[in-house]
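What follows is a pair of complexes built around subunit A, which joins subunit B in one and subunit C in the other.
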Partner chain A sequence: MIIDGRELPEPAGTAGIPADAVEHVPLPTGRPFELAAVALGPTAADDDTAAVDAALADVVARARAWVGDDGRPPLVVPLFGTLTVWGPHRTLVAGPADRLPQLKAAVVEFAALDGELHDIERHLATLLPLVDADAPLAFEFADAALSRRGELAGRFRDAVSLRRRLAVLAPALHVPAPQPPTLAGQLGERLRERTRIVDRAGFATEQADLLERVYTACGERASDFAIARRQAALEWTIVVLLAAEVVLMLVGALTTGTT
Partner chain B sequence: MRLSSIDVLRSLAIVLMVVVHFVENLSGSYGTDGGPFVGAHRHWWLPTGFAAPLFAFLSGLSYRLWLDGQVGRGRDSATISKATVRRGLFLAMLGFAFNVFVWMPEDVFNWDILTLIGTALVALDVVRRMPPAVTALACGLVVTLSPALRGLADYPAAWTTGHFDYDFTLRDVVLGFLVTGYFPVFPWIVFPAAGYLAAPAILGLRAGSPGPARGPLVVGAALAAGSAVALAAAAALPATTTAARGWTMFPASTAYVLGTLGAAMIATTVLHRLLDGGGDRPPVPVPWLSSLSRHSLSIYLLHHLAHIWPLWACGYARTGEITSLWQVAMPPILAVACAGGFLVVALVAARWMDRSAAPSAESMLRWLSDP
Partner chain C sequence: MISLAGNDPRPPSTVAIVGGGPGGLLTAHLLARATPRPLRVTIFEASGRLGGKILTPSFTAAPVRYEAGAAEFYDYTPVGEDPLRELVEALGLPTTPLSGSSVIVGRDTLSNLDDIAARLGLAARRDLEAFDLDARSRMTRGEFYAADEAPAATGRSFAAVLDRLAAPAARRYVETLIHSDLATEPDRTSVSYGLQNYLMNDPAYLRLYCIAGGNDQLVSALEARIDADVHRSRRVTDVARMPDGRLRVTSVAGDGRHSDAFDAVVLALPLRQLAAVSFGAGRLADAMRVHCHEHDHPAHYLRVTALFDRPFWRGRLDGSFAMHDAFGGVCLYDESAREPEPRHGVLGWLLGGDAAERMAALDDDDLAATVIGSLPPSLAADPATLLEARVHRWTGAVSGLPGGWRPRSLDRRHQPEPVDHPNLFVVGDYLFDSTLNGVLDSATHVAHWLATLAAA
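The block that comes next holds the complex of A and B.
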């Protein structure tokens, strides 16, 4: 499977993750997200600490291999006897069977937030390099740029849309953890901290603000220019009509002056 | 930027102009029917009336290309204006000098094509600041007002036996410049202005434009249709002494202006599509015609010197009157042969000037005018 230009590693079955443990969760952004839930039950070897550590290390290694590395290495979050290996496209939760639903709910909620922010960041990354070329038009518009008005309007719409999405995202990112603390709430907090999602949202907001400022100014300049152009056309029309009248008068005067 | 289409059309204009001038000046006093060399008595086979409109239209088109080049080099508007006005004044002064040295000092204000193009260049410096719609309106006004102005100025009174005959008075000189000369501002300024206006659409100069659009073809066809309507209307209207009727170059009738303008627009658009490449098609090289086109100003000057000065010299030697052989020097077929010979020499000379970078009227124009 290829997501955002990267191919995810081997499918669940071959990484040692049971294929029937993987669930495909649709995110609001439309990006596919795979969530694996592995139940860890008590075994006879639980008293042997070394054996338990070795088993957990094996699970973590398999989970990391399956989650993959898309530029951000998978986050491993052990919490109250559970284990979460988080990646933006795949996540594995492991723990006692009765805690798996809470873990899954927390991961899906966070994946939706992260997916939305990731999508916004991706759009920002495509728009930001264009700002240098467009910035002069925020200061002064010219005839040559008239044909680009539609393009600039499109970028303004994109900037406003991104800013709106960030405005909608911000309250969800800053929602306080439930009290008294729950496993899901704690996992959500940990994931927010470890992925620095609040900071990223702040940076993205600054970038979207920059885009909005530049393209708002471009729109104003383009509008002013169009209005000035219409006024100039009217003024030139008057000048041309007056010039025609002057020529008529001149020819008339030259002719009648000698007859 | 050199475009093969413009080179081909400018070369065609030069060839037509040379042939017409040779025949008119060396053998043109009487038509095939023995009548005087005016109006309908011109040689029916002589392609008169097409070179000047094409030349003037291409001057506007070329100015737009030159202007875009200057803007592309980062020249500011004031520098461009200075260069434009210098070019215009150079051509106008050259036109006056040409009139004095070729047509005698008394013809200095006959308002020939060089003074028109010089004036047009100065006017284009204003036109380039005007919104295109206003330029189109101005062109329409010029075409519409020209017959009325000719009526006001009593055009026929300024012409004697098919030639512009003026007195050295302010009235005649100004009226000649505006209305009654060979190439007066009304309506001839329309050709360069239209060339300038149509250049982006014909050549696909607009940013992001995929190439030449159908617009110029449609406008050209509409102008040709307008010309046909004007011809039909002229036939239906009662005859007057002042209005230009039918298809006449002197004065430039409405039908003539619309028809030649439409033809120039269509020809330029079609040739641009055929010759200038675009997409995957490479441009078609026309090196010889490119040389001819590049030195069109020099050839314009030289072709007059090549046949008018010998004509004056022979006339003076034979009768003591320098214009005695004008239009009666030789039969038309011999004049056509002379024109052909001149064109061959001009072609070779233009190639030589290109290769040796020899000084020419064009190089002097650039040296004096360009920043």
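The block that comes next holds the complex of A and C.
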């Protein structure tokens, strides 16, 4: 599978992850996401710590290979007898069978948040390089730029849209984990901490704010320029009319004088 | 001649602080900042060490430090201002957050509601959720923040609140969760203090942290900044009023008895040591007897800390600490979690309440063997990996009912005899919430009071 120009490692089954353990989860952004759930069996709760350690080590090794290295190594999150190996496109959860639904719910919720932020970051990455070229128009507008008003308005709409999406995302990122704690809440909190998603959202918000400020100013300068141009045209029209009136008056006066 | 007696207080210029623990050091530090002119401050410390309940020693088998006294600091910033946190930051001390949500009951480790439902049953989970909701409605975050200044005097004990837990397993879970923090039994403390110790497990109410490099960094930082004559190994035996209104402080050292006169005296002693000081006969002695009696709700701690050659519990014990239902409820600290790259494993047991008092009578080896043997099978230690164990006894060191059953005004709490001895003050965590934050509040109150008198 190729996502964002990267090829993910072996498909399920060949990396030791059974194909029937993998679900394809549709994320709101349309980004493909695969979630594997592996039951560790009753040994996870056993007192045979060596067996538990060996079982977990085996799962970690297989999960690392399957999740793959998407520019960053997969995040391994052991939590109260469960294990989550997180990657933005593939994630594996492992634990006692009765805990898998909670783990999956937490991962799917987090994947949706991470996917949304990732999409916002991708859009920001395409818009930010344009700011340097557009920034002078936020100070002074010129005739030559008039043809770019539509383009700038489009970027302003994009900036506002990104800022709106970040504003919608923020409450979900900052909501405190439920108390008394639940396993899903604890995993969600741990993933938020380890991926620094709150910090990333903060940086993205600053970038979106910058874009919004620049293109707001561009819009204001463009409007001012257009208004000034219309005013100038009106003033010249008045001048011409007044001049014509003066000429007509002179002609009238001369005509009256000669008769 | 200086007199602070009666209605004619005059500015003090010499102040004795009896006790070189956090209360005494903080009072000295705050006095220097609050007074318009320098006061001559003398600190008397009975032992050879400053810091009192803040103690960070090292093992002899390896140069590894551990907390033997106050294990953590409370961070109230989720609900309001936190002067202690501000002080720690102002002193430039780096901190490390501490967290833990696991409760070990029998052989089971319960880290969340899912574990509780699976191991204790759905009825226990429902009971706990109802209890939690009730606790939050009884004490909001704002009330939690202000609780130590105006403790609710309902006259009922916290045991009455626990009685609402119908499922025995749920009750055992809550008792285990809070026992080592309470350091006393639920029937000997107030509803307010019990609720505080339950709700502090929610990060929305309170967070925990320690000082990187050891909590005694705070003591060193304060000691380096205070301008005072510090007399170590000088035990104060008597405090009495002199004819001119000043107070005479009599102390004993290796070289004999000493007697010094001061314009004001601050007694920053744990209650048991305070009760051992003689105040002669008369109003002051009576007032101090009443003061000690009102606050005599001794709570006990016992700390056992073991050094292992590696942290064998990693992967099975998540976070910086967990609660264990052994000994009525013990806090199990992963002391090595405080270090960025620990070379050894350090596990600390904080026993509280009756068990701490009872077991303090055991010798160190028996104690270490008993607590290490109490670990559940999933955390069982290999005896061969044990390098050293240390025991620290804090019997009666804190109050299990800070503020008392009938809390008085802040002024009355800090000035036991205002008529003939308005220049004698007390400072202590037992006047607030039995924490370092509480002793800072207490020291702040007295330091500002003295500063006001000094400016008069």
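The criterion applied here is as follows: the second predicted complex is superposed on the first by the 223 of 259 C-alpha atoms of A that agree within 3 Å, B and C clash if a C-alpha of one lies under 4 Å from a C-alpha of the other, contacts with A are read in each partner's own complex, and residues count from 1 in each chain.
We take it that a contact is a pair of C-beta atoms (placed from the backbone, for glycine too) under 8 Å apart; a residue touches a chain by one contact, two chains touch by 3 or more.
Quantities reported herein were computed from a predicted structural model and do not represent experimental measurements.
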{"item": "First, second, both or neither for A:D98, with subunit B first and subunit C second", "value": "second"}
{"item": "Partner chain in contact with A:T237 - subunit B first, subunit C second, else both or neither", "value": "first"}
{"item": "Which of subunit B and subunit C A:P129 touches, first, second, both or neither", "value": "neither"}
{"item": "Which of subunit B and subunit C A:T255 touches, first, second, both or neither", "value": "first"}
{"item": "Partner chain in contact with A:G30 - subunit B first, subunit C second, else both or neither", "value": "neither"}
{"item": "Residues of subunit A that lie at the interface with subunit B and also at the interface with subunit C", "value": "none"}
{"item": "Residue ranges of subunit A touching subunit C (in the complex, touch as defined)", "value": "47, 49, 53, 56, 78-81, 98-99, 102, 176, 179-186"}
{"item": "Residues of subunit B touching subunit A in the complex", "value": "130-131, 133-134, 137-138, 141, 145, 148-149, 152-154, 170-171, 174-175, 178-179, 186, 206-209"}
{"item": "Touching residues (chain side subunit A, partner subunit B) in the complex", "value": "144, 147-148, 229, 232-233, 236-237, 240-241, 244, 247-248, 250-252, 254-255, 257-258"}
{"item": "Subunit C residues touching subunit A - in the complex, by the definition given at the top", "value": "101-102, 107, 109, 111-116, 118, 128-129, 132, 201-204, 315-316, 318, 376-378, 380"}
